[in-house]
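Labels run A, B, C and D following the written order; every chain starts at residue 1.
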């Protein structure tokens, strides 16, 4: 998870100066390691598999993780989600959609210069639990919310 | 009237399973409202506005000209506020035109482009995507401005009247007219509320929010596409792009939206 | 219920005199019949199965395209609607084998589907009923429309008398038989749904085992 | 060349909020076209943001992020005029970098 990327894999690191910047950034931010895209985790078809590929052990539900989303999505193609962690030393926030063909949707590394508060929009194939997973001090915490995916229009 | 009422009552009698369902219903609508609120911040339509502006300024066609001298009704090159005053009568074409129709005129006259293929190209094609980006840009330049559509020219008035008649025109295997779904207020299809488009209260709900980004398909739709898809769902044949029937309906809705503020480009399910 | 059936039967008699031209809407300058027809003719093209022939109206559609006549309270308008209803009532084909109810599970699927007969649908594919677009039906489906009345508990409140069966079948087959300018499509009359599909929808509404009646 | 992003960055009370809209299909690889052929997966895999040339945010995405993605995040510090640069890379190796200054 924390290996350095090879220059051939990452298009935007091809340029020498870009690489230089990335390396200097790495030196300045030891905790914000440049992680290679975690293929095994993104390919996982079920929550336990995704957790396993991400190295998640014993995730516990925590009231200090907030998952802000509407109860109902008018369309599954775009479901706005926001996750906020109040847990000190949060280093990672991920969004997982339990019933999607690929469970893991997005993973954010939270460096020391960032607040643990991220917003994005996800696709959902059907009504499902959405999980905000927070990593802090090597431990994992979650907030879970069921989001109903409904039909808004004629469906024709 | 009474007979009809009895028939209606017969259908509804004992069917209004009442309060509980309604409460649940309100909750669903509330959830949807929250969903829409979350979408408003960061409307991908902005991406299309940027593309449209680039297309507006880019020299194109045999005449290698941009559209920057296009007269959208407020004079050559004036984009600000133009969308809020369309459709309108244009002397040079002797026609009432909406934004899309007028853009085609400008492409033809300023750039020397044969617009036939643009008219014929299906929605979702590169040609139509460019048109949608352009109207998105143009409509964005009227955001927050009041709708000011004139009915003073006889052709404008006629277009409005034709639009009204089109709105009620029922046909096809499902007997649908625009009015079937949009002829009443407070009703929904599935969870989608339907504005009563023939009223001054309902018309702006529709008119002022298109062009809009459709999240369902990740596409940018101008009013021409919106109307074409309405007709599709009405089980009608497809309206010709920038045809009078579509411009008439736009004239009907926009005139009823007088003084409402444009909220374009919008974002929709 | 009985009263309505009787009324409907009586209507043709009431409807006979003075219909034409009564209280028709004046569409205003530039929107007379000739101008409007010309606009229609020039504004559409065939697309897939949705051909220009669909713009041709039958008597019911032509009548209901005029809001003054479709909803007007004048005697003439009321009588005209009664005539339209009688004409539509006469089109209803009752179940050929006398069986009213099919499979409610299949009915639920038909009620859910909004597909069919658009320019993007293919010929020969089974059409949906579009029911949830306008009606609440099974409680579990929260995404329902409200253009039509709720049909939840339909069978529970109405029972399953022959009369109820007949009215419900007729309403699905040709809604305009009971309300001349109803917003509801004429599913049987216009060939949207097959007899078997209507039977399944009947079961969804009237079968005591259907979730609608739970 | 992929189409540009829209980036907005506003500083308030020592926190910079960055909002980004990206132009991307985000194709899942599960959908089929009208002829029934599977449309190959095509989605952004990596997003990086820098404030004044220092990496402050890194994300890994899967195909479940919506088409034309929207992303909002908050950075400590940052002042009006500072440069924010966002870069994405997709699974085909295409990449796009855009920048804005904090308002």
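Everything below uses one rule, namely that contacts are C-beta pairs under 8 Å (C-beta built on N, C-alpha and C of every residue); 3 or more make two chains touch, one makes a residue touch a chain.
The structure displayed is predicted, hence computed values, not measured ones.
Student: Relative to the centroid of every protein C-alpha atom displayed, which chain's own C-alpha centroid is closest?
Tutor: Centre-most chain by C-alpha means: B.
Student: Could you compare the number of C-beta pairs in contact for A-B with that for A-C and name the larger?
Tutor: Counting C-beta pairs in contact, A-B comes out ahead.
Student: From the centre of chain A, which chain's CA centre is farthest?
Tutor: Most remote chain from chain A, centroid-wise, comes out as C.
Student: Chain A to chain B: how many Å between their CA centres?
Tutor: Chain A and chain B have C-alpha centres separated by 37 Å.
Student: Roughly how far is chain C from chain D, going centre to centre by Cα mean, in whole Å?
Tutor: Taking the mean C-alpha position of each chain, the two centres sit 49 Å apart.
Student: Express in whole angstrom the distance between the two chain centres, defined as the mean CA positions of chain B and chain D.
Tutor: 30
Student: For chain C, give me the residues that contact two or more of the other chains.
Tutor: Counting only residues that touch two or more other chains, chain C contributes 118, 130, 132-133, 142-143.
Student: Which chain B residues touch at least two other chains?
Tutor: Chain B, residues with two or more chain partners: 28, 189-192, 215, 218, 233.
Student: Residues of chain D that contact two or more other chains, please.
Tutor: In chain D, the residues touching two or more other chains are 66-67, 70, 72.
Student: Pull out all the chain pairs that touch, please.
Tutor: Those chain pairs which touch are A-B, A-C, A-D, B-C, B-D.
Student: Using the touch definition up top, name the residues of chain A that touch chain B in the complex.
Tutor: Residue positions touching the partner: 69-75, 77-80, 148, 150-156.
Student: What residues of chain C sit close enough to touch chain B in their complex?
Tutor: Where chain C meets chain B, its residues are 1, 3-4, 7, 11, 27-31, 35-36, 39-40, 42-47, 50-52, 54-57, 60-62, 64-67, 72-73, 77-78, 81-82, 85, 117-120, 130, 132-134, 136, 139, 142-147, 149-154, 157-158, 167, 171, 176, 178-180, 183, 185-186, 190-192.
Student: State the interface residues of chain A toward chain C in the complex, per the touch definition above.
Tutor: 148, 150-152, 154-156
Student: Contact residues on chain B for chain C in the complex?
Tutor: The touching residues are 1-4, 6-8, 10-12, 14-17, 21, 24-25, 28, 154-155, 157-162, 164-166, 168-177, 179-181, 183-184, 186-192, 194, 231-233, 235-240, 243-246, 248.
Student: Considering only the defined contacts, which chain B positions touch chain D in the complex?
Tutor: Per the stated touch rule, the residues are 41-44, 46-47, 50-51, 213, 215, 218.
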